[in-house]
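One structure, pasted below without further comment.
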C-alpha cells in the first residue's frame, strides 16, 4: 500500500514537472521544473530497487547536467530570451502529433501487455546489493563499453572545448 | 540486503505507461518550443522516459543489465549536454538569438 | 595467323586509338590523326574479315574466346563470341565504320577539337564491337551503355550549340528508360537460366523444353518484353524513338555511323541474339511486330514533310528500323539481319551524301534552299541516286532484296498477318515518295539560294563511291527463291544461328514482289509529279504552290477548322480538281500532319512535361525542407506515426 | 564464474586493435598539437594518415583472430572487417582532401584530425558491435565527433546552423533508438544480438509480435536517421550543405556506411526471425527515400545540396538491398556502400577544391567551362557523376546491378522497377552538371581557378581509380563481400 502512495507521488511529480517544463515561458523555470521531474523519476528508480541509478540521477543528472543547463541559460541574455515568443507556428499540429504518438504507444502497450510475457530470468541474481551487482557486472561483462565510454567522453570534452574556446 | 517484495498494488505496466507519457511529452516539447535550450531539455525528458523503461524491465527481469544500460544513457546524455550546449552557445554568439525557427538560412 | 582466337583484339585496336587520342591527341598533328584513327579501324576490319573467313571454313560455326573470368557467379566474363550473327555485325561495324572515319577526316577538317572528335569516334567503335562480340548479356550491356555514352558525347560535339547539348541529354535519358527495362530482362534471364552467357542461356532454354507461352502471359514473355523495351530505346522504336531525330544535331559522320548504320541497330541485334527466348513467347513477338510495323509507317509519314535533309533521313532510319523489328517479330530473324546489313550501306551512304551536300552548301540543311545541285556535285548526286533507288526498293539494288523478303515473310509467316503486310507495303510507298522528294528538292530543279555549291574532296567522295557499290550489290547475297540468278549465301550463313526456315504457307512470291515494286514506282511517280513539275516551272509558281500547300496545313492544323469550313471545301475542291496527283500529295500531307501533330504535342509535350515535372517536384520539396528543425522533427513524427499506424491498424 | 574468465585475453585486445590504435593516435595528435609549434602542423595530418593505415593493418590482424570477444560485446568477422576497412579508407581520403581546406580556412588542424579519428573509431566500434550497448556507444562516439566537425568553423554561420540541426535532430532520433532498445531488452531479456535472435527463434519464449515489431520500428527511426532514409532524411541536405565540404564528404559516407553496418547486423541477425514484421516499413522507406532523393535533387542549384539529395537517393538503393534480407542482398549492400563512398568523396573533393575560400563557388552554374579550364579535374568529376548515374564500367553500375538482382531474388518486383525508374530520373540532374562543365562558356568561377593541391589530387585520383577498379574488376571486392555476408551462422 505504501509503495502505491509513493508511486503516485513520484508519478505526479514526474508528470507535473514534465508538463510544466514544456509549458513555462521562462527557460529558468523550465529547467527547474525539469529538475522536479527528474527527481520524480529518481524516486521511481528507488521504488524499483535501483539505488545506484537513484544516486547517479541525483548526482549526474541533476547535479551535473541541469546545472550546466542553468549555467548556459544564465550565460545567454535572459531578458531578451524571455521576451521571445515561446511557441512556434506548428504548435497545434505538433501537440496533436505528440498526443497521437503517445496514444499509439499506450495502445500498443495496452494491447501488448495482456500477452506481455517477459522471459524468465536467465539466472538468479547474484547476492549482494544493487550497487554491488552493478559494479560486478559493469567491470566484468560490460568492461568494454565502460572503456569505450571514456573515448566518448574524451571526444565530448575535446568537442566542447573546440566549440567554446575563443578563436586563436 | 533483504529483497523487497514486488509492489503488488501498482502493476508494472503502469511504470511503462508513465514512461510512454513522459516520452510523448518530450516529443511535444521538442516539436513546439521555440527556445533552443528548452527544445534540448525536451530531449532530456525523452531520455528519462527511456531510462524509466529500462529500470522497470530490469526490475521485472531481476537483472541489472538494464540498470547498466541506463547508466550509459546518462553518461551519453552528459556528453551530449556538454557538446550540445557548446554548439548552442556558438550559435548564440553568431546570431544573437535562441529562437530555433530563425535558424533556417539553408532550406529547400 | 589464327584470327579466330584473336577476335578479342578486334575491339582493342579502336580502344588504343581512343586512348592515344584522348590522352595525347592535343599534341598530335592532324595529319597523324588522319592516318591513325581510320587505321585502327582498318586493322580491326582486317582481323574481322580474317576471323569470318576462318569461321566460314571451320566445322563449328560458333567460336568463343574467354579472356578473363570477370564475374564467375554471374557466368559473365570478358569473353567474345563469333558466330554468323556477330560476324555480320563486326563486318558492318568495322567496314562501314572505316569508310565513315575516312569520310570524317575530310568533313571535320576545318573543325576544332579534331583529336577529341576522333577519340570519341574510336571509343564508340570499341564499345560497338564489344557489344556485338560479347558472349554474355552483361558485357553486351557494357557495350550498350558505352555506345550510348559516346553517342551522347558526339551529339553534343558542337559545344557552343545549346540545342546539341539538349539533344545529347535527351538521347541519354530516353535511353536510360530502355536500359532500366533491359537490366530487368537481364536479371530475369539470370534467375531463369542461372547464367548470362548466350550459349548457356540458349542451351538451358532448349534443354528444359519450356513450352511456348501461347496461352498465358508468363515469365518468359515478361523477360522477352523487357528485352524488347530495352531494344526500343536504343533502336528508336515507338514510343522511345523521340531522341533520334534530335540527335541529328551532331556532326553528320556521327549521324551516319551511330544513328544509321551501327548503334541504332543494336536493339535489332539484341532481339535476334535472344531469338531462342523470343521464339517461345509468341505474344511478345506479336508486340514486337506490331510496334515495328507501327513505327515504320508512323515515322515514314512524318518523314513525308520534313524540310531538313537530315531529319528526313532520321525519320527514314526510324522507319527502316521498324521494318527490321517487323521482320524479327514475325520470326524472320535472318531477314531482319539482312535488312540491317543492306540498310547499313545505303543509309550510311545517304547520310554521308547529305553531309556532302551540307558541306558543299556551307552548312545549309534546309532542302527548300537547295535544288539543282546535280551539276555542281555530280559524284554526290550519282551515289545518292543509287542509294535512293536502293532504299525505294528498285529491283536489283540492295534495299529491294531485303525489303521484299521482309514483306514476303510478313505475308507468309505463321506470326505475320495481312494487315501488317498492308502496313509494310504502304510504308514502302511512302518511303520511295519522301526519298524522291528529297532527291528532287535537293539535286533537281533550279537552285534556290546563292550559295556556290562545290563538290566535296576525295576523302569524302571516295567512301561515297565504295558505299554506292555496296548499296548496289550486297543484295545479291540473298535473292528471292524464284530469281534465276543470284545467291542465297546470306540466308544459309545465318541458318547456323537461327535454324533453317520452317516451311510456312505457300507464298505467292512473284505477286508480292510485283506489288512492292509497284509501290516503289508509284511513290517515285507521285514525287516526280509533285516536285519535279513544280520545281521545274517558274520560280514564282513554285513559291505560290508551296505557299498554297502550307496554307492548307496552317489552316487545318494551326488555325483550326472552325475558322471557315467553306475554305476547307474550296481547298478540297481545288485538290480534287487539280487531280489525283495533288490529291495524293494532300493526303500524304494530311497523314503526315497528324503524325506531326503527335510529334509536337505529345512528344514535345512529354519533353515539356519533363521540365514541368522538374519544376513541380520543387514544390513538395519546399514543403518538406523548410529549414526549420522542428518541422523536420514533425516529419520524423509523421514517419513514426505511419509505422505505428501500420501495427495498430493491422 | 571465476574472475579469471572475465579478464580480457590478449586475443580480445587484438580483436579491438583498430579502435585502440585510432584512440591512441588521436590522443597523441592532441598532445603534439599542444606542445608542437606552428611548423609541426603538417606533420599531424601525416600522423593521422599513418594511424589510419596502421588501423587498416590492425583490422587485418583482428580478422586473423576473428570471433567474439570481451564477453560477447564484439564480433570480428568478415562483415565487421569489411566495414572497418571501408570507414578507415574513407577517413584516409577525408584527411588527404581536408589538409588544403583547413589551411585555406585557417582552421585548427590538430583537433580536426583527432576528432576525425575518434569519429572513425566510433564507426569501427559500430562495425564490430555484437551488443546493442556497443551499437549505441559507437553511434554516439561517431555522432558527437561529427556534430563538432559539422560546425568546425565556429565563426561561420552556415557551419553553426549545420551543427545545431545535426545535433538536435540527431539526439531526437537517438532517443527513439534508445526507446526501441529498452523495449527489445524488456521483451527478450537481453541486448546481445545473438541472444535476442535466440529468444525470438524459440516459440515458447517468443514475445508479443506487435510489441516486438514496434520496438523494431523505434530502432529503425534511429538507424534511418543515420543513413538518411525517408522520412528521417530531412536533416541531411541542410547539414551537408552547411558543413565544411570535406566534412560533408565524410559525413555522407563514413557514418552512413557504419550505420548501415549496424542496421544490417541488428535487423538481420537479431530481428531476422521477425523479418515479416519489419520488412513492410523498410520497403516503404526504401521507395520513399529513392523518390524523395531523386526528385528533390532535380531542382537543386547548390552542388553540395544536390550531392546531399543524391546521397539520400543512394541510401534508398541500399535500403532496397536491406529489404531483400538475404545473403546476396547483404553482399550487394556492402559492395554498393564501398562504390558509393568513393564516388561521393571524389565528387565532394572536387567541390572542396572548386569552392575556394569561404566556399564561395558552390553553385552548379559556377562549374561552367570547367572542362575547358581544367580538363583533368572535369574528366574525374565526370567519372564520379557517371558512376553516380550507374553507367557500366564504374562501381555504381555493379552496385545497382547487384542490388536489383538481390531484390528480384527476394521477389521484390515493384521495388526493383521503381528503383530502376528512379535511376533513370537520376541521370537528369547528374548530366546537368556534365553539360554545364563542358558546354558552357567559362564564367567568373572558372576564369582564375588555381591548380589542385597535392592532397586533393591524391584524393580525387584515388577515388576515381577506385571507382573504375570497382567497375572493371568488381569481383575483387564482391568476392570478399559475398564470403562475409553470412551474418547468421
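Note that the chains take the letters A, B, C and D in the order they are written out, and that residue 1 is the start of every chain.
Throughout what follows, a contact is a pair of C-beta atoms (placed from the backbone, for glycine too) under 8 Å apart; a residue touches a chain by one contact, two chains touch by 3 or more.
Just so it is clear, the structure is predicted and the values come from calculations on it, not from any experiment.
*Asks:* Which chains make contact with subunit A and with subunit D at once?
*Replies:* Neighbours common to subunit A and subunit D are B, C.
*Asks:* Of the chains present, which has its C-alpha mean closest to the combined C-alpha mean?
*Replies:* Of the chains present, the most centrally placed is D.
*Asks:* I'd like to verify one number: the distance from the centre of subunit A to the centre of subunit C, where each centre is the average of its C-alpha atoms, in whole angstrom.
*Replies:* 69
*Asks:* Please report how many Å separate the Cα centroid of subunit B from that of subunit D, as a whole number.
*Replies:* 27
*Asks:* With chain centres defined as C-alpha means, what is the inter-centre distance between subunit B and subunit C in Å?
*Replies:* 65
*Asks:* Could you give the separation in Å between the centres of subunit C and subunit D, each centre being the mean of its C-alpha atoms?
*Replies:* One centre to the other, that is 43 Å.
*Asks:* Which positions in subunit D touch two or more other chains at once?
*Replies:* Within subunit D, residues 133, 137, 140, 144, 147-148, 151, 154-155, 164-165, 168, 172, 186, 189-190, 210, 214, 237-238, 299 contact more than one other chain.
*Asks:* What are the residue numbers in subunit C that touch two or more other chains?
*Replies:* 618, 621, 625, 627-630, 633-634, 637-638, 640, 644, 647
*Asks:* Multi-chain contacts only, two chains or more: what residues does subunit B have there?
*Replies:* In subunit B, the residues touching two or more other chains are 16, 23, 26-27, 30-32, 39-40, 56-58, 60-61, 63, 65, 68, 72, 76, 79-80, 83, 87-88, 90, 100-101, 103-108.
*Asks:* Can you tell me, using the touch rule above, whether these chains form a line, ring, star, complete graph or other shape?
*Replies:* Here the contact pattern is complete, since every chain touches every other one.
*Asks:* Show me the residue ranges of subunit C that touch subunit A in the complex, using the header's touch definition.
*Replies:* 628, 630-631, 634, 637-638, 640-641, 644-645, 647-648
*Asks:* Considering only the defined contacts, which subunit D positions touch subunit C in the complex?
*Replies:* 164-165, 168-169, 172-173, 176, 210, 213-214, 217-218, 220-221, 224-225, 230-232, 234-235, 237-238, 280-281, 284, 292, 295-296, 298-299, 386, 389, 391-393, 397, 401, 404-405, 408-409, 416-417, 420-421, 423-424, 427-428, 431-432, 435, 438-439, 473-475, 478, 482
*Asks:* Residues of subunit C touching subunit B in their complex?
*Replies:* Listed in rising order, the residues are 618, 621-622, 625-630, 633-634, 637.
*Asks:* Touching subunit A in the complex: which residues of subunit D?
*Replies:* It is residues 3, 6, 8, 16, 19, 23, 27, 30, 70-71, 73-74, 108, 111, 114-115, 118-119, 121-122, 125, 131, 133-134, 137-138, 140-141, 144-145, 147-148, 151-152, 154-155, 186-190, 199, 205, 207-208, 210-211, 214 of subunit D that touch subunit A.
*Asks:* Going by the contact rule at the top, pick out the subunit A residues touching subunit D in the complex.
*Replies:* 105, 108-109, 111-112, 115-119, 121-122, 139-145, 148-149, 151-152, 154-156, 158-159, 162-163, 167-168
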